[in-house]
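Chains here go by letter, A, B, C and D, matching the order in which they are written, and residues are numbered from 1 within each.
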Amino acid sequence: MGDARPLPTEDEVRGYFEQCSNWGRWGATDSAGTVNLVTPAKRTEAARMVRSGRAVSLAYPLNTVGGPGNWSPAQHFMRFGPGFSMDYIGISYHGYATTHVDALCHVFWEGKMYNGQPSSDVMSDGARSNSVDAWSDGISTRGVFIDIPRFRGVPFATVDAPVRGWEIEAAAEQQGSELRPGDAVIVYAGESSAVPGRPPSPGLHADCVPVFKAKDTALLGWDMMDASPSGYDLFGPGGGLPVHVLAIVYLGMPLLDNARLEPLAQACEEEGRWEFMLTVNPLHVRGGTGSPVNPIAIF
Amino acid sequence: MGDARPLPTEDEVRGYFEQCSNWGRWGATDSAGTVNLVTPAKRTEAARMVRSGRAVSLAYPLNTVGGPGNWSPAQHFMRFGPGFSMDYIGISYHGYATTHVDALCHVFWEGKMYNGQPSSDVMSDGARSNSVDAWSDGISTRGVFIDIPRFRGVPFATVDAPVRGWEIEAAAEQQGSELRPGDAVIVYAGESSAVPGRPPSPGLHADCVPVFKAKDTALLGWDMMDASPSGYDLFGPGGGLPVHVLAIVYLGMPLLDNARLEPLAQACEEEGRWEFMLTVNPLHVRGGTGSPVNPIAIF
Amino acid sequence: MGDARPLPTEDEVRGYFEQCSNWGRWGATDSAGTVNLVTPAKRTEAARMVRSGRAVSLAYPLNTVGGPGNWSPAQHFMRFGPGFSMDYIGISYHGYATTHVDALCHVFWEGKMYNGQPSSDVMSDGARSNSVDAWSDGISTRGVFIDIPRFRGVPFATVDAPVRGWEIEAAAEQQGSELRPGDAVIVYAGESSAVPGRPPSPGLHADCVPVFKAKDTALLGWDMMDASPSGYDLFGPGGGLPVHVLAIVYLGMPLLDNARLEPLAQACEEEGRWEFMLTVNPLHVRGGTGSPVNPIAIF
Amino acid sequence: MGDARPLPTEDEVRGYFEQCSNWGRWGATDSAGTVNLVTPAKRTEAARMVRSGRAVSLAYPLNTVGGPGNWSPAQHFMRFGPGFSMDYIGISYHGYATTHVDALCHVFWEGKMYNGQPSSDVMSDGARSNSVDAWSDGISTRGVFIDIPRFRGVPFATVDAPVRGWEIEAAAEQQGSELRPGDAVIVYAGESSAVPGRPPSPGLHADCVPVFKAKDTALLGWDMMDASPSGYDLFGPGGGLPVHVLAIVYLGMPLLDNARLEPLAQACEEEGRWEFMLTVNPLHVRGGTGSPVNPIAIF
């Protein structure tokens, strides 16, 4: 905070599109994006993170009550008889209420998706490319927790101070965590009183994305999404969602939105380390735009 | 098959209720059942199973078309605009179409659930005990694959020859897999032409349950469910579902139903081992009767 | 308003339970309640109301956005291909957002429903008595519009002045509308700024119910529900919902909740009469607790 | 049947597109189609049909069990507590299981909808033209029942003998029913053993559509849909659905699909007349492709 480095100019940010692009890197028809970096060797590395065996969920319970920040609440209906009970779960998981992973077809930019696929590949019966299917064998990798409130010495990130790319690197270094290719980086901003989804809200600055590119991060998990308004009109009225656009469309990187990170922050403190095995197992939905998930960190 | 050991009598099977009971073992208010056996140490053991890093999903894609065996098909609806796509997923996952885990409130016997909780704890807004919440930190453990067709030298288990408890032990031994406390045992019967859920169907015999009790198995995954008709009228008209009743209500053991096991069978052959790390991450649904899941095996 | 007649005492209101009861009137197994008053002759009378042929809907469009007053928003999902489009509609219609009719199983009082049926008749797969099935041939009857703002000379009813039973009679008389057996009485309170469902909210006082009993009203349509808090603790904490309890459980009368009445008010003014044919055609749902509807008034 | 008039040639059927078109008739932006023929005067005429006051539903109960002919079963979930019950209804009503009305955006032909609107007006959040909104004031009109089994002296229409246009006219004449502008024509084919939606199935021949055009019919209700295969390749592989295409896209006429007509057939016999008031009140869904309905005939 004392180290308020200058913000990138609009031109610099415009350069991120090319700088951060992974288009073509894994072939012309690739739909998996940075999950390609979660190789068998990476999974083995992830499993070696497990020492104490402590497990922590990164998921909120489904929220079935509509309200501000929850326009399409989850549904949970029960049925039971003399010998059994069953239930129905219905989820419009995108938005600000449900812990979920975004597939690469979730965001378009100028009519294109990741890897240059046309947005017209998304049809009303599912996406023809960049769907969550590409990750049906799960995302099991090394997770690194970036605790911004701890780094800054504050209770939570605030609107006036978006989380910067350099901070992610500095916080990782302070914690003694190396950021390696194929990692899941989980950025904790802390719980503020902002209404989710309504600007102004604290969150990550666009200049985090070049860091994810440089480090070959495979997945970004977070609790607060894009800093909003972003301050860069090129992303649309109100400044749009630069991290969503750059990460999903150009990096081809899954976002783990609305992660519940307070228990994980506490576990990291207690375990004295900020690295763990992370398993994100999206439901197998053909043509889906993502999935509700219950990501599990194992120390 | 050549070794057709005599079937237990109805009285012997009646004895399983007491023989297999874990009621009270983990305290009067426990709702986690055999998942208590997945301790931090067990998770560490599970992670040590990872060597090659190969990952295999045990989930079928959601089936959205109603038909025989799929009375309540999954729903998948898309929405999209110029810059994004979203979707809605609705699932009545119990039944024979969706890969899912059964919570301990899914089955009642004589008005009781696991640990003696009254079935009246299950209300139309969720279960007050034995719900899937109890496993919200996930089930990450050692998995052992039991390949019945391989053991028998046949393409798939048939109606006339239910999978017996002694076979599970013998197949494990033949494969060189020790069955240890806290394991997930995955029993592969192979795909027959039976219509799911309509007797007669091949599956596991009631006498498998005492084996799971003796071995302190934490989870049973399978592709064919209870052999049906069971041959034991005490479980109800048509012979009921003895494994469901004994495993869920008395052992307190989660069932991983409708697991997709052909890819896993092939991976075991290719890897030359029948043990792996298994991660089953149920969605976090308060009061839920289970969850659709995408279980991932990592070799 | 100038004629502020004294409010009934709690003891007087307690007397309404017996005074307003139609239990047993149409047989011990009746589930149709006051819809029994919509006889073939009544339908013929209703059809004779049609003179100009003007049709007016009493339904709001489905509201698919969750928020205050809409905790379980309706769902509307589209699917389309080269030659067709289809859609899915999902509705939790009770509450304050959707125009719907309440079946007689919607409300219980002291463990009983209308006609003394036990509330245990309502099971998780539908109601065994008092369900909306009883009205599957529709409710086509004479409608009488009671315009409270017009009667009072105010823009809308306010929290401090609940709509009283005597007012309904007086307003009907002022308009020249006789209230006859089998009528649908539609009470317009006008749109205030109150948040639906959150007390304090304007609405009908409990003493309207004896008027409906005396007039043998078949259906009550309204835009604001029970005046709340009711002022009568016997209906529960915060004063409960006396009109819902007395009308549904004791009269056995369907309530048409969240009716859109401004267009109807205007049509009555322009037509110069407050009587019309009303058709309320609930969906045919076995065991249902009501139905979303689009009631149509024809002048 | 004895009067097997020659079938129209493919060229003659091709001529129906122009012959049956109502494009432009009610203005360039019209989305209501033949419902424009249900004028206030027509509603008054309809109300005059009511004599005995007998009411008959034309709706099947919702079918919640998936199977052949019901790929997307309706959902019905209950919730209840000490004082109330509620339910959720979810319906993908198009198909062969639910009684519903088709809006004019339900079918496209060569990229166009009724009145020449582009099919691209249908988006994933609703249709911009030709949606069910256009009929939100209901369809209350004179109904005429055409009883094909009665006319033919058979129990039900068969695959080898599609219902022909001339038969509709002849059956109407035999019954003494004049077909007038704005009528709802309800064609009863009787229940055969055909699996709904799977050709071959009995139904209406394409040459019925010119009759509806000539008579200025406002709505077609039926129990069996298009005769299939149609015999006219120009409608697509397998002969397509000529009545759906011609009626919805060119006439701009709502179809009332899967009407339950046996009770109505019996009522017509008993009343000795085949005319009645019909009220079809579609739910008010913005941008919807139709609606589940409970149409009510009143004699």
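One rule holds in what follows: a contact is a pair of C-beta atoms (placed from the backbone, for glycine too) under 8 Å apart; a residue touches a chain by one contact, two chains touch by 3 or more.
All of these numbers come straight from a predicted model, not from anything done at the bench.
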Quiz prompt | Set of chains adjacent to chain A and to chain B | solution = C, D
Quiz prompt | Classification of the chain C:chain D interface as same or different, half of numbers criterion | solution = same
Quiz item: Which whole number of Å gives the spacing of the CA centres of chain B and chain C?
Solution: 48
Quiz item: chain C to chain D: how many Å between their CA centres?
Solution: 31
Self-check item: Multi-chain contact sites of chain D, meaning residues that touch two or more partners
Solution: 72, 75, 77-80, 88, 90, 92, 123-125
Exercise. State the interface residues of chain C toward chain A in the complex, per the touch definition above.
Key: 64-68, 70-73, 75, 78-81, 90, 92, 123-125
Quiz item: Hey, which residues of chain A end up touching chain D in the complex?
Solution: 75, 77-79, 88, 124
Quiz item: Within the complex, which stretch of chain D touches chain C?
Solution: 39-44, 46-57, 59-62, 72, 75-78, 80, 82-94, 99, 105-109, 119, 122-127, 133, 136-138, 140, 236, 277, 279-296, 298
